[in-house]
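Structures are listed in the sections that come next.
You will see two complexes here that share chain A, one where it goes with chain B and one where it goes with chain C.
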Partner chain A sequence: MTVHNLYIFDRNGNCLYYNEWNRKKQAGISKEEEFKLMYGMLFSIRSFVSKMSPLDMKEGFLSFQTSKYRLHYYETPSGLKFVLNTDLSVTNARDTLQHIYNFLSLSSLCKNKIRFKTLYLFSNSVDSCVRQEYNLTQSGC
Partner chain B sequence: MVIYSVYVVNKAGGLIYQYDNYVPRAEVEKTFSYPLDLVLKHHDEKVVVSFGQRDGIRVGHAVLSINGVDVIGKNTSDGKDILEYLKDPSNYPVSIRFGRARLSSNEKLMLASMFHSLFAIGSQLSPEAGSSGIEMLETDVFKLHCFQTLTGIKFIVMADPRQSGIDALLRKIYEVYSDFALKNPFYSLEMPIRCELFDQNLKSALEVAEKAGNFGAGS
Partner chain C sequence: MTVHNLYIFDRNGNCLYYNEWNRKKQAGISKEEEFKLMYGMLFSIRSFVSKMSPLDMKEGFLSFQTSKYRLHYYETPSGLKFVLNTDLSVTNARDTLQHIYSNVRHTHTHTHTHL
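The block that comes next holds the complex of A and B.
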């Protein structure tokens, strides 16, 4: 079981947090561009899915997988978007993402008086949270 | 368990075949008095509910008919704007039928090319080397499965999340495509598939897959 990376976006598409644990391939563009591309892809997937769906959805888009990795997506009602890339053996990371959200929003976001928009999340607390969830060791996996 | 629809997309992102196998009909008809307790708005040449879910009418549902007469886009059957018509108290009580708007063929073309680029971005943003594009996309009401052939044709099947045996179905559709579309002397490559034998064989493959799915055969 491997966790590759985690993105957290606010509702305007700013990347609040990014960390990678076991990423083997970089996208070949700057991080700034990569965040934009990732957010744009999620935005399009959301609109794609809502049009394609034959029935009314509750949660909407949950995850997608390719031959090598799986992308898990969780969006809060306030528009925070959590994106976790793992290998294919992780079938459902919804609870983990919710856990990170609870943990973060309570511990660092809500109690913080700094404006939400420009806030970069405390890197080490998210890092330890993901490490706890997936039993990652310091050396990777 | 059902298979909703099948799309075939050529290597340039153009939709060359689409078939709706099963379209759930969730429509609600209700009589309203003035003033209307739903908020409606124009969206993509349609009138949709933007706020106020009740009695099975959901946000995103479009107005399909008024007083039993089907609407034409955002106008009533006699050419008046729906929102204007519903503002007039003398038209009440009014009976309105709501439901999910059906995709037009233009929208299907657009969505197919949208998926084509999502597929490519999914592979570019991969944290692992040598990744394919999106093979399976999951939501709470359907799963989209995509199989790309070596020649770049994409076969896309949308099915119930619990439906199994989709991988076998996608390969079967590829086989049907090779046998009946490609060997058809009147078919030019990359162009829309209009071929009766392809239709028939695709439909029977879908029937087989739907039956097999009920027994939970390995996917």
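The block that comes next holds the complex of A and C.
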């Protein structure tokens, strides 16, 4: 079970958090461009998936996959967007991402919204959460 | 097991075939617009998926899913693109789409349709 990387966006598209535990290939663009591309593209995908749905939608886009990785999408009621890339052994990351979000919500960090001075602490919390949820070793596997 | 609909595009984005077997909601745009949107968006998704991949890619985008349906993508060596929407019980449509392609190709060997 491998977790590659995780993005957390707020409802305005700002990337609040990014970390990678096992990434072998970079996007070839600056991190700023990468965050915009990720957010923007997921926005388009969600809209497209809903429009082209052959059924009435309840929830929208959840994940996509290639032969090597799966991208999971989870949006909280407050509009935070979690984007997690894992290997194919992770079929549904929703519960995990929900746990991470709940854990963060309980801590005072989220109660006060994410301020820059607490970003470092927030960062470590998310990292710990992900490692715990997926039993990651230091190498990220 | 439910199959909703199937699109087949040629390598230039023309929709060669479309049929629906179980579609409860339409896209709200003309079929022509729908085909363009489907083809164009999948083109973008494939490019995006490849660019943002945390690993070196072998094959690219294969499918995506919602809580209710799954879209499967299969591209033949000749550039034909199959897009199939099913319910979630269909996890991998690749073999099926490959069979369909083989059958269609076999059937049309003697026509001038370049598949």
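Everything below uses one rule, namely that the second predicted complex is superposed on the first by the 129 of 141 C-alpha atoms of A that agree within 3 Å, B and C clash if a C-alpha of one lies under 4 Å from a C-alpha of the other, contacts with A are read in each partner's own complex, and residues count from 1 in each chain.
Methods note: contacts are C-beta pairs under 8 Å (C-beta built on N, C-alpha and C of every residue); 3 or more make two chains touch, one makes a residue touch a chain.
Just so you know, these numbers come straight off a predicted model, no measurement behind them.
Steric overlap between chain B and chain C is present once the structures are superposed on chain A. Of the two partner chains placed around the shared chain by superposition, chain B and chain C are both touched by A:M57.
After overlaying the two complexes on the shared chain, residue contacts for A:A27 are found with chain B and with chain C alike. In the superposition on chain A, contact of A:M41 is made with both chain B and chain C.
After overlaying the two complexes on the shared chain, residue contacts for A:K81 are found with neither chain B nor chain C.
Using the contact criterion defined above for the overlaid structures, shared-chain residue A:K68 touches chain B and also reaches chain C. For the superposition on chain A, the stretches of chain B under consideration are 2-10, 56-64 or 74-82; the one running into chain C is 2-10.
Residues 4-5, 20, 22-25, 27-28, 34, 37-38, 41, 44-45, 48-49, 51-69, 71, 85 of chain A are contacted both by chain B in one complex and by chain C in the other. If you check the complex, the residues on chain A that touch chain C are 4-5, 20, 22-25, 27-29, 34, 37-38, 41, 44-45, 48-49, 51-69, 71, 85. Residues 4-5, 20, 22-25, 27-28, 34, 37-38, 40-41, 44-45, 48-69, 71, 85, 87 of chain A touch chain B in their complex.
Taken in their complex, chain C has these residues touching chain A: 4-5, 20, 22-25, 27-29, 34, 37-38, 41, 44-45, 48-49, 51-69, 71, 85.
On the chain B side of its complex with chain A, the touching residues are 4-5, 22-24, 26, 58, 60-61, 100, 103, 107, 111, 114-115, 117-118, 121-142, 144, 158.
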